[in-house]
Amino acid sequence: MKNTIGNSLSVTLFGESHGKAIGAVIDGIASGIPVDEAFIAARLSRRRPKDNLSTPRQEKDEFSILSGVFGGYTTGTPICITIPNADTHSQDYGEMQNKMRPSHADFSALCRYKGFEDYRGGGHFSGRITAALVAAAAFVIPALNKKGIYIGTHIKNIAGVLDNNFENNQDIIDVSKKDFPVLNDAVANKMQEKILAAKTNGDSVGGILETAVIGIPAGVGEPWFDTLEGLISHAVFSVPAVKGIEFGLGFDFAQKLGSEANDQMYVSDGEIKCYTNNNGGVVGGITNGMPIVFSAAIKPTPTIGKEQKTVDISTMTDTTLAARGRHDPCIVHRAAVVVESVTALVLADALSAKFGTDWLAQ
Amino acid sequence: MKNTIGNSLSVTLFGESHGKAIGAVIDGIASGIPVDEAFIAARLSRRRPKDNLSTPRQEKDEFSILSGVFGGYTTGTPICITIPNADTHSQDYGEMQNKMRPSHADFSALCRYKGFEDYRGGGHFSGRITAALVAAAAFVIPALNKKGIYIGTHIKNIAGVLDNNFENNQDIIDVSKKDFPVLNDAVANKMQEKILAAKTNGDSVGGILETAVIGIPAGVGEPWFDTLEGLISHAVFSVPAVKGIEFGLGFDFAQKLGSEANDQMYVSDGEIKCYTNNNGGVVGGITNGMPIVFSAAIKPTPTIGKEQKTVDISTMTDTTLAARGRHDPCIVHRAAVVVESVTALVLADALSAKFGTDWLAQ
Amino acid sequence: MKNTIGNSLSVTLFGESHGKAIGAVIDGIASGIPVDEAFIAARLSRRRPKDNLSTPRQEKDEFSILSGVFGGYTTGTPICITIPNADTHSQDYGEMQNKMRPSHADFSALCRYKGFEDYRGGGHFSGRITAALVAAAAFVIPALNKKGIYIGTHIKNIAGVLDNNFENNQDIIDVSKKDFPVLNDAVANKMQEKILAAKTNGDSVGGILETAVIGIPAGVGEPWFDTLEGLISHAVFSVPAVKGIEFGLGFDFAQKLGSEANDQMYVSDGEIKCYTNNNGGVVGGITNGMPIVFSAAIKPTPTIGKEQKTVDISTMTDTTLAARGRHDPCIVHRAAVVVESVTALVLADALSAKFGTDWLAQ
Amino acid sequence: MKNTIGNSLSVTLFGESHGKAIGAVIDGIASGIPVDEAFIAARLSRRRPKDNLSTPRQEKDEFSILSGVFGGYTTGTPICITIPNADTHSQDYGEMQNKMRPSHADFSALCRYKGFEDYRGGGHFSGRITAALVAAAAFVIPALNKKGIYIGTHIKNIAGVLDNNFENNQDIIDVSKKDFPVLNDAVANKMQEKILAAKTNGDSVGGILETAVIGIPAGVGEPWFDTLEGLISHAVFSVPAVKGIEFGLGFDFAQKLGSEANDQMYVSDGEIKCYTNNNGGVVGGITNGMPIVFSAAIKPTPTIGKEQKTVDISTMTDTTLAARGRHDPCIVHRAAVVVESVTALVLADALSAKFGTDWLAQ
């Protein structure tokens, strides 16, 4: 078991919420990819808490590229990018060193790391670490775009408020630039009301993100065991709070007959297409040329102000906890760019394996 | 990308539906595990089509252990187990060489392997290959059981007919021995009626499997990126027809407040437990000591007798196909033992990494 | 740690000397490579003991391809090839179950596998297993040849008798077809006399193999840590009895000045070449376009008829052993085709990573 | 192919000689290992050029631990350690951007990275990067020592001047602390005279390092393909300028009879030992409990002041080069601590795989 994603093109994350810096090392990237620092900054900005919907923690996300870039291009050797931590209020977490936050990683991390984990601000489990993930993906996304591959994630559902469905390719491209990524901007207010209502009550809400990818060629993936669904799900479950993933119809397949669910096929201008995309672009673990479409379920932020029953590990007794510190009443909207990012990294890896080390720069 | 599951303890599958044999190589298994051939046979029997709910293909599943076992125990060197193919009706598939079955892997495999794939009976994509997977897992399951780890999968839903929920540990153990694994035997008939109705109509049905694991210690998994959810989902998506997976409340988290969804904690006899198990036993990617619980969505079998629109790749024209050959109107019940098997392999791998090469035999 | 070589194109070996069969699984091979069964047989024949220089064990090496080949071409899915064991004299090894053969793997295997290893005939440590390795490589060698890549290994030294050096590319091609691979056939007799003299005395001899590869493009390898030297050496040390490897001048570099040792460069017809090849074709871990040249030291066969001091593990007392059973007085000549084979597999893996999954068939 | 060493415990290096910083990420390390910053500094000091035998480049090696350490102990999450670059004279390398240094990685890197590599000071191929490797190993060496495992490397040979052999365990421990690591201090002067003579002539010298490891239990390694020899050699070939490796007698085996070369065995106080250690502690790829002993050949530093024939890639014409810039007339003595470091990392990885994730801290 390891803390790296990808084989041909891999990313390792490091850092703790209140340590010196977080960062990522990207290995196996093609040489000669232009590096767009403004794009990296823009992606980090999408993830950054910036309004009353999120934690008041002020993150500047001023990154530093230590290696692997020369003269504005990737060199092909490992890239290390770091983001210093700032505005850390470690004192807020004193109580939480011993009181386990329910449904947070505090307790499972304690079991895994035996008390040596950096508990401040969630340590290595903090959503903060996803900034490094977003930065890493920002090195490969422009190269994917150049090949016609675009990835967009919208909020399908927050606390029961539903967005529209993807209608066309432009939707995917547009939504990947939004801070609060919905297709129907009219529902944004309703979702935000739900978030603010939860915040007012010291509570939190969850939701569902839907991601679509266009431009991936047919024939990517392996049957046993590196299915494209398996590779994507492996990565997406690392995004904090994700608890489910489904491709195409997903769980709704259970209610369908084969004759209703099958994606019937036709020839169009010499290409084979499907009338529907119930399989979400992957059949037998391998892409079929239709857009890849999947949804991820995000649980409500576990750290809440409401009092909850928990345990004090220093005394091994029952107690209660009403979390202080800064936390998000909802992370669904902020997680969209993170899901896009891990998807980009998985696809860049799979395509680099299929087409070779240099492909991403070609 | 590769066709192997696991790192410390790994399994590679090989074989095609109508080739000489299918099989598996298990590497990294501890030396000194007793090998129970009767148990392997019993597991294979659970997967085998055996009544009017399944394909009429008669599979004997007489396996042969070529290596890695000596004097009744694992030697610690790679085990190769093979299962010869028999009762293959390759002529049934002549038409399907050129006519792509909608929602089947025919077309994506063609794109991946460029026409060199063995198309007979689904080739390497056939559900038949899962027999080797089940056989491989049967080497580790008794060793896991000996340590108090049990894995059970029941049919939660077929075509809208629901089973009961897991109530206790014995349910998990009992259901792992059933051919038609439901907790409430009264619903079995209703599910089977749905299957037979679809069969009569040349159609098929899907469903949902729910898996529970007891006895896994807290502290297993990694935050980025080998979360236990990521490892399990990576493997489960290789089970043919799986299109979604969720842990604990999964997609229902989207409708919950944090205060409703969080698993509050208490001390019981010096151990830390949760009042609920909404997270399905994994928090922050790491086990918390509660049972691991997840559900997998299974799509309806894509090969159906009803006429469907498709393409003929030899002429690149539109056509229709009403599948002949032998096929299953439902694979949900047969997939249960396969999901249990991949789960067992993932856990044996994760635990061998955590506790060392020899642990599984200790 | 694992029993697999390669990442993009990988091979896993299985089997024991006196078990049902040995074999290999090849994963990640391109689809569409013609499979030449006569070539596989010819390669196996080169490795097979066939005269009074080797063990009298009669090995037929009748192989069976269970999967991954259809209509004479690789399908791109895992290939399993098996070779049944025959002519096993397990009774010869009764004494050796408890008496550890000095310098053989008996004792280290006992420590590794805790007594569960198949001790008959060396079990999984037998040179017999290399037949499966040779067979696996025979699937990729014709594809490499088609691209102008040829690998040849000659006996540089047996017991102090030296062969000539490689003079030209044809030498490499020619030597890869010989049963007793020397460049100067006049030295073969002298080497064989040394082998037979050792045999007569119940003793054994070692030697040095030299391998050359032509046709590898410049730019293959990684600086940290998958240097081409590191990848090749990792594999070559699995060939039984190899105890050293050196590239180009190797250990002779210690006696040279930089000005003597450096490979000075020039331009020839628009290509950059070196006047010498002291680096053996790899600089900074990466190929420079010159032939890859390396030597491997092979120790004398440890199983000998002469009496040696050893221990009896059943009584934990000192004893002596004069080995019975059939064994080789020298394995240097038989190892040549094995070193060629692992080299072919390493290169096919590295090139498949660099140029993509399908490259080997193009 | 990848730029990472190790699977269970892995290290990825990043950085270029004249970039912002070099560094390493260590993943998979046990939580709870005390971190000794003074020891890290002492190890870096051994590698640092510090007298007239080496480059005049002044390296401070002030490192910064960005993550993975909390309260003086490893947390078990990835450690990132960085070392800023200083005293870089990039202008010295202007000429060398186009003129390829013979036997240096300039040309093979150009082929690999297509001109996007950072050519300044050797970029990612600079021996400078080994500082990060030494720092990474310094996290695990004290933990290995605590378990009785010690690694020492001495200069066996520089330009033909020979050191004594290892006599006992204390030799190994003592030599691992020396800046100019010889067992017989009387030969140090003679070696240094050879180095200075070469320096005076604008030339360079090579040599041989010998490494011994004590305290490794028997039973570590795999037969196919992760032999301990294969794992160590894979890593050691990444140390710049290494061109050969041999275990125990190595290439001298070619001159021996089996009866001379075999390590005969005896029982001593209930333990099985060998009278000799010609196999260097590894048989069948697996440790046998004797010290691991191997030698590595180091070529003369390729960058020399003497004029050499080479090519100008900007004009694709023949030219000559007499290197300016600061370079080492010999790197053998400085490489000793690097070979110790990669050996420590390989062993820590193999032992963590065998005994589990937490073993190194126990």
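Letters are used for the chains, namely A, B, C and D, taken in the order the chains are written, and counting of residues starts over at 1 for each.
Basically, contacts are C-beta pairs under 8 Å (C-beta built on N, C-alpha and C of every residue); 3 or more make two chains touch, one makes a residue touch a chain.
As the structure is a prediction and not an experimental result, all values here were calculated from the model.
S.K.: Tell me, please, which chain's centre (mean of its C-alpha atoms) is farthest from the centre of chain B?
M.R.: Following the centroid criterion, the farthest chain would be D.
S.K.: For the chain pairs C-D and B-D, which is connected through the larger number of C-beta pairs in contact?
M.R.: C-D
S.K.: Measuring from the mean C-alpha position of chain B to the mean C-alpha position of chain C, what distance in angstrom results?
M.R.: That gives a centre separation of 38 Å.
S.K.: Can you work out the whole-Å distance between the CA centroids of chain B and chain D?
M.R.: Roughly 46 Å, centre to centre.
S.K.: Suppose each chain is reduced to the average of its Cα coordinates; what separation in Å results between chain C and chain D?
M.R.: 27
S.K.: Using the touch rule from the top of the page, what residues of chain A touch 2 or more other chains?
M.R.: 1-4, 7, 13, 77, 112, 124, 223, 353-354, 357-358
S.K.: Help me check something: in the complex, which residues belonging to chain B touch chain C?
M.R.: That would be residues 1-4, 7, 10, 12-16, 19-23, 25, 27-28, 31-32, 64-68, 70-71, 73-80, 82, 112-118, 123-124, 357-358 of chain B.
S.K.: Which of the residues in chain B end up touching chain D in this complex?
M.R.: Listed in rising order, the residues of chain B that touch chain D are 7-8, 77, 223, 353-359.
S.K.: Which residues of chain B touch chain A in their complex?
M.R.: So the residues of chain B touching chain A come out as 1-5, 7, 13, 100, 102-105, 107-109, 111-112, 124-125, 129, 133, 157-160, 198, 203-208, 217-227, 229-231, 233-238, 240, 242-267, 270, 272, 274-275, 278-280, 282-289, 295, 297-304, 306, 308-311, 313, 316-318, 350, 353-354.
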